[in-house]
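Comments concern the structure below.
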Amino acid sequence: MATVTFSDTTRFYAGVDRPAVDGLDLEVADGEFLVLVGPSGCGKSTTLRMLAGLEGVDDGSIHIGDRDVTELPPKDRDTAMVFQNYALYPHMTVGENIGFHLKLAKMPKAERERKVAEAAAVLDLTEYLDRKPAKLSGGQRQRVAMGRAIVREPSVFLMDEPLSNLDAKLRVQTRTQIASLQRRLGITTLYVTHDQVEAMTMGDRVAVLKDGILQQCDTPVGLFAKPVNVFVAGFIGSPAMNLLETTVDSDGAVAGGTRLPLTPAQRSALTGPGIVVGVRPEGWTIGDGGFEAIVEVVEELGSDQYLYCRDGDRVLTVRTPGMAPWQRGEPISLTPQPGAVHLFDAATGDRLPDA
Amino acid sequence: MSVTDVEAPPRPSPKPVRKPPRKPRPAPGSKRFSPLRVLGSTIVWLFTAGNILVLYWLLTASFKTPVEIFTKPFDLPYQWFKVGKPFRNFIYAWNNAGFGEAVLTTVVLVGLATVVTVAVSAPCAYALTRLGVRGSGPMTNVVAIGMGVPFQTVIIPLFVVLSKVHLDNEYGLFVLYVALSIPFTVFLMTGFFRSLPDELEEAAALDGASPMRTFFSVMLPLTRGGMITALTLNAIGLWNETLLAIVFLKDQAHFTLSRALFTFYGAASYQSEYGGLIAGVAIVVLPMLVLYLVLARRIITGLTLGAGK
Amino acid sequence: MATVTTPATPPARAVKAGAHLSRKKRLFWPFAAPALVLYLAFLVLPTIATVVLSFTSWAGAGDTPEPNGVTNYTQMWASDSFQYAFRNTLIYVFLGGIGTFALAFLFTMVLRDMKGGKIVRAILFFPNIVAPVALGMFLGFVFKYQPGKQGLANYVLEGLGADAAKFLAPSNVTGVVTASLIWASSGFYITILMAAVDRIPPYLYEDAELGGASPWQKFRNITLPMTWDVVGVAGVLWTINALKIFELVFVLAGPGTYAPPNEAWTLGIYVFDRTFGSNGTPDFGAACACAVAMIALVSVLVVLLRRLMRRDAIQF
C-alpha cells in the first residue's frame, strides 16, 4: 500500500523565521495523482523534496504506507523523482541514463537492459537509446527523465514541475501523456506545478499552498466550486474570479445598484463590516442594474469574448459569447447570477457558510 | 452540479507560531561525519596549517640570528631586537648582497617587459581570433605550442647570438622576456577575445568606426580583465624567473632579484649568513605575496577562464 | 502554378559584408606581425638552431661547431648523469602528476562543502607565486641534515623523539623532491579543478543521491566524467611544467653554486650543466642534444596524453 501521509510536517530554512512548510497535514491515497500547486515560495517544492529525502524535516513526520520515512535516506524510501531540468547526465547515453539507478543498485546487466528496453518502449524512446542528451529535443529529454523514474518501479512518483521547460503546445501534449501513463501504472504520484491549469486538468486532487500553509486540498471541481478562502478563489480558474470588496447594509451585501441578501448564518459569520463578493467571469448577468461599469478592453478569442470593465477603481471581468458586438467605452450593467456568488469575510478571507 | 451540492470544505486551521530551530536539520542520510570526510578534512587542514606555518616561519626567520633560526625555529625573534637592530638581516641583504639595486632592476625590467608583452600580444590575439583570416586557427595553435618549449632548448643559440651583438645583458634579457612570454599571453588573450560577442563589432562598423578604431575603443577596453590577468601572471612569472637571468646576467650590479638570490645562496651558506639569506628570500617573495593578495580573484578567474570552458 | 524559387542572397548585402571584412583583414599583419616576428626570432629559429647544433661538437666560445653525426646522442644516452636525469624527470612527471592530481581532487571535493573553502584555496595557492629558487632554498633548509643545525623537518622529528633523517642524501632526494613538488603545485591544480567542478549542476548529485550512490560512485560517474576535459588540459600543463623543472631541484638538492649530485639531476639540469661545463669545458653539442631530447619527450607525452583523454566534447 503506497499511501503518503504528512503529519504536521514542518521545514525551516536557515536564517528565515517563517517556516517554508508549516505544519502540513496531508494524506495521499494509494494510486492517487495529487498535485501541489501555489505561487512561488509557497513550499510545494520543499514538500516534495522532504518526501524525497533531499531536505531534512524539522518537525512532524512523513509516512509512506505504514513506514515512517522521516529519517530514512533517499535510497531507502522507494521513491523516484523527475526533476524540473531533467537532471540527465550529459556524458551518458539515453539507455545509460535510464538504467543509471539500476546500475547503482548493482542489478545484473541482462535484467537491467531488459527493464530499460521496456521503459523505452512505453515512452517511445527505443530508437534513441544510444544518443546523448545533447542530441535530443526538449520533449524527448523529458521522456528520458520519466523513463529513469518508471524503470525503478517505485512506490511513489515525485515530479517537480516537469513540464515548465517545454513550449506551450508540447506541454499540452505531454500533460495528457503523463496523466494516462500514471493511470496505466497506478503508482501514487505527487506532482508539483505553479500552473493551475495543469493542476486542474491532471490531478485527482489538488492541494493549494500559500506561504507554507495548506489552503485547501480537494478535487478540481471542489476547488472551483467551493474555494475555502479568497486566495484559493482567486488562484483557481482563468481568468481569475472577480473578488469585489464591498460593505453590508441592512438589505444585504452592496453590489452596485442591487443588494445580495445574506442569511442569518452568513451575517453571524462576518467578523466585521467588510465582505468580499466573488463572481466568476461566466457568473454575470448583463443588464438589470447591479454594478455599473464602462467596457475598457475587449479580448476576442473567437469562441469566447472577455470584457474588462471599469467601475471606479475596480476592474470587472466578464465572459460573453464570442464575436459579440461589445465596443470600448460602452456602458454595461452587471448583476451576479444567483447561485454563482461566493461570499468571503473581508478581514479573514474565509468563506462564509453557503446559503 | 450546482454550487450548493458540494460540501463546504474545512478551512485551514490556524497554525501555532513556531520557533525556528537554531539550525535546520540536514537531509537524512547525508553522512556529515563519515570517515572519508573526516580524513579528507584533516589532510586539508594539515596542509593549510602547513602553508600558514611556512609563511610565519619565513617572516620570523628573516628577523632572527642564525642560531635562533636553527634552535628556535618557531619562536618569535628577539636577538636582533634586543640589540636594537631589528632590521639587520634586511639591511645586510640590501647592501651586502646587492638586493637594493636588484629591486630596482627587477621592478623596471619586469614592469616594462610585461607591459610590452601585452602591448604586442593583445593586437595579435585580436587579429587571430576576430579578423577572420584563413589559417588563423592553425596559426594560433602554432603560437600556443610555444608554451611547451622549455627555455633550456633555446638558451644556447640565443646565448651565442646575443653575445656576438653584445646584448648578453639586461637589455637582451628584456627582449627575451618579452618574446618568451608571447605564447602564453597570446593564448590567454585569444580566450578572452573569443568570448566577446560579434554584435559589438558589427554595431561599431554600422556606426562608422574604422576597424582600427573598433579595436582600440570598443574591443580592447572590454578585455581589460584579461589584460590585467595577463599582466599579473606574466609579472609573477618574470619576477620569479631565474634560469635566463643566470645565463645572461653576469654583472652583479645589474642582477635581478632571483639572480641575486641565487648567488647569495652559495655565499651565505659559506659564511653562515642564514639570517641575511632568509631576509633576501623575504624580499623576493613578499612583493609577490602582496600582489597576489590584492589581485587573487583576478588571477584565479583568469586561470579558470580557460579551464572552465 | 508558378514555382517559387528561393532568391539568392541579395548581392548588395554580400558586397557590404565583404567590404567591411576586407578592411578588417588589412589590419591582420600590422596587428599580428610584432608578436609573430618576436616569436619566430626568439623561439622558433633558436629551436631549429638547437636541433642543428645537436649534431655538432662545440666547446663554446672560442671554438667552432664541428659536425659529428649522432655522437652526442649516443654519448648522452650512455652517460650515467643523463640516465639519472631522464629517470628523475619521468618520475617527477608521472608520480608527481598522479600525486598532485589525486591530492587536488581530494581537496576539491572536501573544499566544495567547507565554509571558507575559497580562503583555504587561496592559502594553498601561495607556493605558486613564490620563486622556484626561493622554494628550493626553503626546502633545502627544511630538509637539512646537520647535527646541531638541523633543518625544520629534522627539528620536528627529533622533537617527536624520532631520529633525524638524511632527506637529501642522493638515494632519498628524488622522493623528497617529488613530495615537495606535489606540495608546491597542488594549489594551482586545486584552483583549476575547483572551477571545473563548480560547473557541475548540483541536481545531478541530487539524482545520484536518490539512486543511493556512494561518494565514490558519485565521483566516478559524475565528477570525473564531467571534468575530464579540464583534467586533460591541466594534465598537459603539468607535463610541460614538470619537464622544465630546474631551479627547484638545483637549489634544493645542491649547495647552490654548482650542480647537485648526479642522482638528483633532471634533464633541465643536464642541459644547464653541459652549457656551463661544471666538469671542465662546456659541451654545447651535448647540451643541444639533451634539449632536443626534452622537446621530443614533451611532444610525445603531450600527444599521448591528448590521445588518452580524447572523447567527444560534451556540452553542459
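Note that the chains take the letters A, B and C in the order they are written out, and that residue 1 is the start of every chain.
By definition in this document, contacts are C-beta pairs under 8 Å (C-beta built on N, C-alpha and C of every residue); 3 or more make two chains touch, one makes a residue touch a chain.
Treat the numbers as computed from the prediction; the structure is a model and nothing was measured.
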Discussion item. If I average the CA coordinates per chain, which chain comes out farthest from subunit C?
Written reply: A
Fill in: Distance-to-centre winner among chains (Cα means, whole assembly as reference)
B
Item to complete: Report which interface contains more C-beta contacts, comparing A-C against A-B.
Response: A-B
Fill in: Separation of subunit B from subunit C, taking each centre as the mean of its C-alpha atoms, in whole Å
16
Practice prompt. Measure off the straight-line distance from the CA centroid of subunit A to the CA centroid of subunit C, and report it in whole Å.
Written response: 57
Worksheet item: If you average the CA atoms of subunit A and of subunit B, how far apart do the two points sit, in angstrom?
Response: 53
Worksheet entry | Contacts with 2+ other chains: residues of subunit A | 53-54, 73-76
Discussion item. Two-or-more-chain contact residues of subunit B, please, as numbers and ranges.
Written reply: 29-30
Worksheet entry | Multi-chain contact residues (two or more partners), subunit C | 209
Discussion item. Quick check on the complex: what are the subunit C residues that touch subunit A?
Written reply: 201, 203-204, 206-213, 217, 221-222, 225-226, 228, 312, 314-316
Worksheet item: Touching subunit A in the complex: which residues of subunit B?
Response: 1-4, 6-12, 15-16, 18, 20-21, 23-30
Discussion item. Which stretch or stretches of subunit A touch subunit C in the complex?
Written reply: 52-54, 73-76, 79-81, 83, 85, 87, 89-91, 100-101, 104-105, 132, 134
Fill in: subunit A to subunit B touching residues, read off their complex
10-14, 16-17, 19, 22-23, 53-59, 70-76, 213-216, 218, 221-222, 225-226, 228-229, 339-340, 342, 350-351, 353-355
Item to complete: Please give the residue numbers of subunit C that touch subunit B in the complex, ascending.
Response: 20-21, 23-32, 34-36, 38-39, 41-47, 49-50, 53, 61, 106-107, 109-111, 114, 120-127, 129-134, 137-138, 141, 148-150, 152, 155, 183, 186, 188, 191-192, 195-196, 199, 209, 215, 230, 233-234, 236, 240, 243-244, 246-247, 251, 255-257, 267-268, 271-272, 275, 284, 287-288, 290-292, 294-295, 298-299, 302
